[in-house]
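Per-chain numbering from 1; labels A, B, C and D assigned in written order.
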Amino acid sequence: MTMKKVTYRQAINEALFEEMERDPKVVLFGEDVGTYGGVFKVTDGLKKKFGNERVFDTPIAEAALMGAATGAAVAGLRPVVEIMFMDWIGIAMDQLVNQTSMIPYIWEGIKVPLVLRTQGGSGSKGSCQHTKSLEAWIYHVPGIVVAMPSTPYDAKGLLKSAIRNDNPVAFIEHKMLYPTEGEIPEGEYTVPLGRASVKREGKDVTVVALSKMVVESLKAAKELEDEGISVEVVDPVTIKPLDMDTIAESVKKTNRVVVVNEAFRTGAVASDLTAQIQERCFDDLDGPILRVTAPDVQVPYSPALEQFWLPGKDKIKQAVLECMKR
Amino acid sequence: MSEVSLSREKLVDMYRKMWLARHHDVWVEDMKTKGQILGSMHLATGQEAVSVGACAPLNDDDYTMHTHREHQQLIAKGADIGRMAGDMLGKVTGCARGKGGHMLLFDKDVHALGACGIVGGGVPVAVGYAMAFKVLGTKQVSLAFFGDGAANEGSVHEAMNFAAVRKYPIIFLCENNRWGLTCPQHEQAAVEDLADRARGYGIPGVTVNGNDVLAVYEAVKLAVDRARAGDGPSMVECQTWRMRGMGFGDTMEYVPKEYLEEGSRQDPICLFEKKLVEKGILTVEEARAIEAETKKTIEDAYEAAKNAPNPDESVFWANVYAAEIC
Amino acid sequence: MTMKKVTYRQAINEALFEEMERDPKVVLFGEDVGTYGGVFKVTDGLKKKFGNERVFDTPIAEAALMGAATGAAVAGLRPVVEIMFMDWIGIAMDQLVNQTSMIPYIWEGIKVPLVLRTQGGSGSKGSCQHTKSLEAWIYHVPGIVVAMPSTPYDAKGLLKSAIRNDNPVAFIEHKMLYPTEGEIPEGEYTVPLGRASVKREGKDVTVVALSKMVVESLKAAKELEDEGISVEVVDPVTIKPLDMDTIAESVKKTNRVVVVNEAFRTGAVASDLTAQIQERCFDDLDGPILRVTAPDVQVPYSPALEQFWLPGKDKIKQAVLECMKR
Amino acid sequence: MSEVSLSREKLVDMYRKMWLARHHDVWVEDMKTKGQILGSMHLATGQEAVSVGACAPLNDDDYTMHTHREHQQLIAKGADIGRMAGDMLGKVTGCARGKGGHMLLFDKDVHALGACGIVGGGVPVAVGYAMAFKVLGTKQVSLAFFGDGAANEGSVHEAMNFAAVRKYPIIFLCENNRWGLTCPQHEQAAVEDLADRARGYGIPGVTVNGNDVLAVYEAVKLAVDRARAGDGPSMVECQTWRMRGMGFGDTMEYVPKEYLEEGSRQDPICLFEKKLVEKGILTVEEARAIEAETKKTIEDAYEAAKNAPNPDESVFWANVYAAEIC
């Protein structure tokens, strides 16, 4: 397969472009996604190509966005709706839990094939209202598939699968990943939902990392290699449903686990992965599963303070070394 | 009372539906009293003209979004009484195979999609239906019922404004019975006619006597025609009386006697019958026959539902996800 | 101390009554909390006693409720705000995470002394929009204290502490606990926030249970006693911040843990407690920590189906027996 | 331009504040261009009349709630420029000790409480301030700024209706610059004057020329007097021009030239200066002196802030909880 180098941003743009071209029922809407092409320019060019009924800017009204996407999906479209920053997903959570997720289970025979695109993550000097990672809230809602790709390859292929899938899918991007580059095939391909991906093989410690934390974990793994520690980095890619088999296989080999998640520590997805892993792999574990997360603190603005909040390479290394004491 | 030039057939059908709706709520009230239905119960006895008048201008393939006080609305839309009874009793014969119960009724055959126990929560979803109709170029319309209490939820505001901007084919049907649970309208809004809000969205808004089925019909018909013609949404406020409590078992000491007395004087079925008889459209004997026949329909439906089987564990696990994931 | 028997409902009512009497800055508002005294009658009599400025019914507008409570707290009151059912806390989550919790951290020197009262829990045949337990969402928000009392004693004493505390406190009740009875002192007392309570001592297995699941766990413990298994039941009472010392002490003794939480399994508070316990107590554990939760399924209406959803005594017993195999 | 009988002192103070506000945003734009400020940046250059006119009728102990485009609003309320500059640069000398940055400015000494990066999110909180004033019987008022885009959020609707019903002393100040990020007002609302919405809440609403500082003053003064007299909320819509992009670096190709040209012609400082000079209240020389003196104030404040120390780790951990828990 011929490969090409694209950014994470372009990869997502391509997926949207191709799926909208393939299927006239795919529509895309949200705040500033149309004329301007999105505040992160992810949806650039789509309105021009597909017109104002299929790609459009909306009023600032996140509950209506989520609800309208749900209704549109019920009535025959395949909407991709954008909530610009995950920080304000709270405005849409009632719609998500009481409409989107309720409908397929209770209203038998009705499907809700929508994709909720949003982005989280810090590191942008955005202070506490533009940097939160609240995937734990969405993750707790039954019937929603939750994906958090970390590479351009996964992002494109997975978004295409998400659009074609008949379940509501939350597709969570990371603002700091948009400019990162990676290889993707020239032609059509998809990445299946629900499959983890081993981003690096290793034998001493399994690091299960989400979204941008995969990138940080790979950096940590590289540095640890020099110290003679072999780290396996597993990226669940889809966090719900979780590909526990791939994780368990890795743990069987390494007997040590670090879970990395850029989110408030208490009640994070990292906790849930930890609970699941210890349940399934208890006898394989040499010591406790360690979690690298952000603290339970709002993300402060000052660059001098942001560093205390951010999880990343160094904290991951520390945790791996801690594990190695077992 | 308004004059409308409708066929005898249509008028009699509306009259019949009003009786069906009335008998339904009287019947389930009785069952509830006997402990034969579990959970909450919101009755619309005395509000039949709103539901029937609002649904009469709609086609089967127009979509309706309902409230938590929705039985009559579904009957007005033409929902199958037998399946409804199944859902009300949690039986496998219901559309939801018993999963939804009294507050989540739906019937996809007539596009009653569907009830919502979250006050105001369904309205954005109904905007999504209208979005799909516009994008797909069908001539369907969407009609969203909501209460006077619901009008104060942010979701309703966002939805109305969204639809107005996008000129989606939707009717916002406010069923104003002047109460939200135990709280009178004047403690929920400082405005008499909620239709005044329409102007703030740049859409037409009218207030009609919600106990006059023909007045409701007329106002909604105009709004439906507008919507089908591509002229966008309208709001129709129907002022009516809530003759039952906030739920079952509520003794309504907080409701002024005068309100209930006036509501009794304005019984919508009596008013409509008088008119039909005066105009020679119906004889009193025919009216009594319809009253009796519709009662039997309800009785039979509930008798059958009582004897229907319960859903089993396979139903519980069905549609946890709406579709295959990978 | 002379003791008296009261219901959980009365206990909460007394706490509100006493604190409002003690401090004129305490105000109470929410939907139907005033004239009617709350849909569960928890706030009965308070409006009559304290008048319509301090105790009042509001429009149906949960975002405004949460925001207004926050502002009122900033400006000198000590509001107790009620969100009637936790199911629709989603409408208020943006306010909670982006206003309430942000303010004390970022706006240095400003405090937000409010109590958010709400109730969750199933078993009421309420279907999926009136039975959810979404404490995991609130639990994930930094700076919010989260309490989930299981007894009248804790409920009263803890609510008094919550009202006096200068942090925002989420006080989560359980609808099925309202009629349950327990002993409380005749006179004034408080229960401190942040302290777990060992509800039953035992030596074989530690069951950490929340809210009504404490009651179920005690029933299970009683029955298991007959089978010769000694269960210690630990009630964290306040789940955030968590009294990990008390839990760890129990685990040190029993070496086996079951965490019980009536909530959707994935991303539940139970997962987080599990992650924390395995981290702190790994070397004390004989086997994996087991979780008893609800499945990732919407709560269905039908009584025939609800049983498959509900966690409770029997499932707790099963998990304890499973643990005992280690 | 409106006539208002204000003292020379007050008029000159307003004129001075407009220059302070102007210089501030020009200054930080320059710093941002040079990379001396990190993160996002919303400038209000050209909107000075709204902020200054709206805050001029307020006392120090009246509370104001601001938006994401708030620098000028805080200056108008009398916030300390030095501390503001500290926050803007993430320095420990800021009110938030650098935690908040450009979108979360506040100054509790003048009760500017405070900015909010969540569009529409602060408005319910401002209703809470007004609640406290009414309950405590002070004569303070609350004023909430929000944009034309924000007007379409559910939170604003809920807040306005809530305050209207409860007759709280609050002014809803809509700063309508006809843009929400890259989306023009007509794609966000199908109504010209957003003040039309006031009628739907049963409160007064007016639309004024937001570039005429005296017109803004006059309208807000009336609203403040009403609020202080116990007559409840009002809405004041100020129509103005957004002369800068949605944030820094936005080249505004999407904004029609005519809009920007008209905005330049309507420069609020020029208009006000012309008037003051015509009326003999200010000489041109005095005006130039004020222009120069206010520029120096800004320069000095930012020079000092540049040299101020960064917050250290202790600041990061301060106020994670607002107060002791037990």
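As a convention for this text, contacts are C-beta pairs under 8 Å (C-beta built on N, C-alpha and C of every residue); 3 or more make two chains touch, one makes a residue touch a chain.
Quick caveat: nothing in here was measured; it's all calculated off a predicted structure.
Novice: Where the centre means the average of the CA atoms, what chain is farthest from subunit C?
Specialist: Using the mean of the C-alpha atoms as each chain's centre, the farthest one from subunit C is D.
Novice: Report which interface contains more C-beta contacts, comparing A-D against C-D.
Specialist: Answer by contact count: C-D.
Novice: From the C-alpha centre of subunit A to that of subunit C, how far is it in Å?
Specialist: Taking the mean C-alpha position of each chain, the two centres sit 30 Å apart.
Novice: Based only on mean CA positions, could you tell me how far subunit A sits from subunit D in angstrom?
Specialist: 36
Novice: For subunit B and subunit D, what's the span in angstrom between their mean Cα positions?
Specialist: 44
Novice: Averaging over Cα atoms per chain, report the distance between subunit C and subunit D in Å.
Specialist: Distance between chain centres: 40 Å.
Novice: Residues of subunit B that contact two or more other chains, please.
Specialist: Within subunit B, the residues that touch at least two other chains are 96-97, 99-100, 104, 116-118, 121, 152-155, 158, 161-162, 165, 187-189, 320.
Novice: At which residue positions does subunit A touch at least two other chains?
Specialist: Where subunit A meets two or more other chains at a single residue, that happens at 59, 61-64, 87-88, 91, 94-95, 98, 102, 105-106, 127-129, 142-143, 296-298, 300.
Novice: Residue numbers of subunit B touching subunit C in their complex, please.
Specialist: Its residues touching subunit C are 38-40, 87, 90-91, 96-104, 116-121, 149-150, 152-155, 180-183, 187-189, 246, 254, 310-313, 315-317, 320.
Novice: Can you tell me which positions in subunit C touch subunit D when the two form their complex?
Specialist: For this pair, the touching residues of subunit C are 25, 27, 53-54, 56, 58-59, 61-77, 79, 94-95, 98-99, 102, 104-113, 142-143, 145, 161, 165-168, 192-195, 241.
Novice: Considering only the defined contacts, which subunit C positions touch subunit A in the complex?
Specialist: 63, 87-98, 101-102, 105-106, 127-129, 132, 134, 136-137, 139-143, 240, 263-264, 266-272, 274-276, 278-280, 282, 285, 287-291, 296-298, 300
Novice: Name, in rising order, each residue of subunit D that touches subunit C in their complex.
Specialist: It is residues 63, 65, 95-97, 99-100, 104, 106, 108, 113-114, 116-118, 121-136, 142, 154-155, 158-159, 161-162, 165-166, 318-326 of subunit D that touch subunit C.
Novice: So in the complex, which bits of subunit C are touching subunit B?
Specialist: 31-32, 34-36, 39, 57, 59-64, 87-88, 91, 124-130, 295-298, 300-305, 308-309
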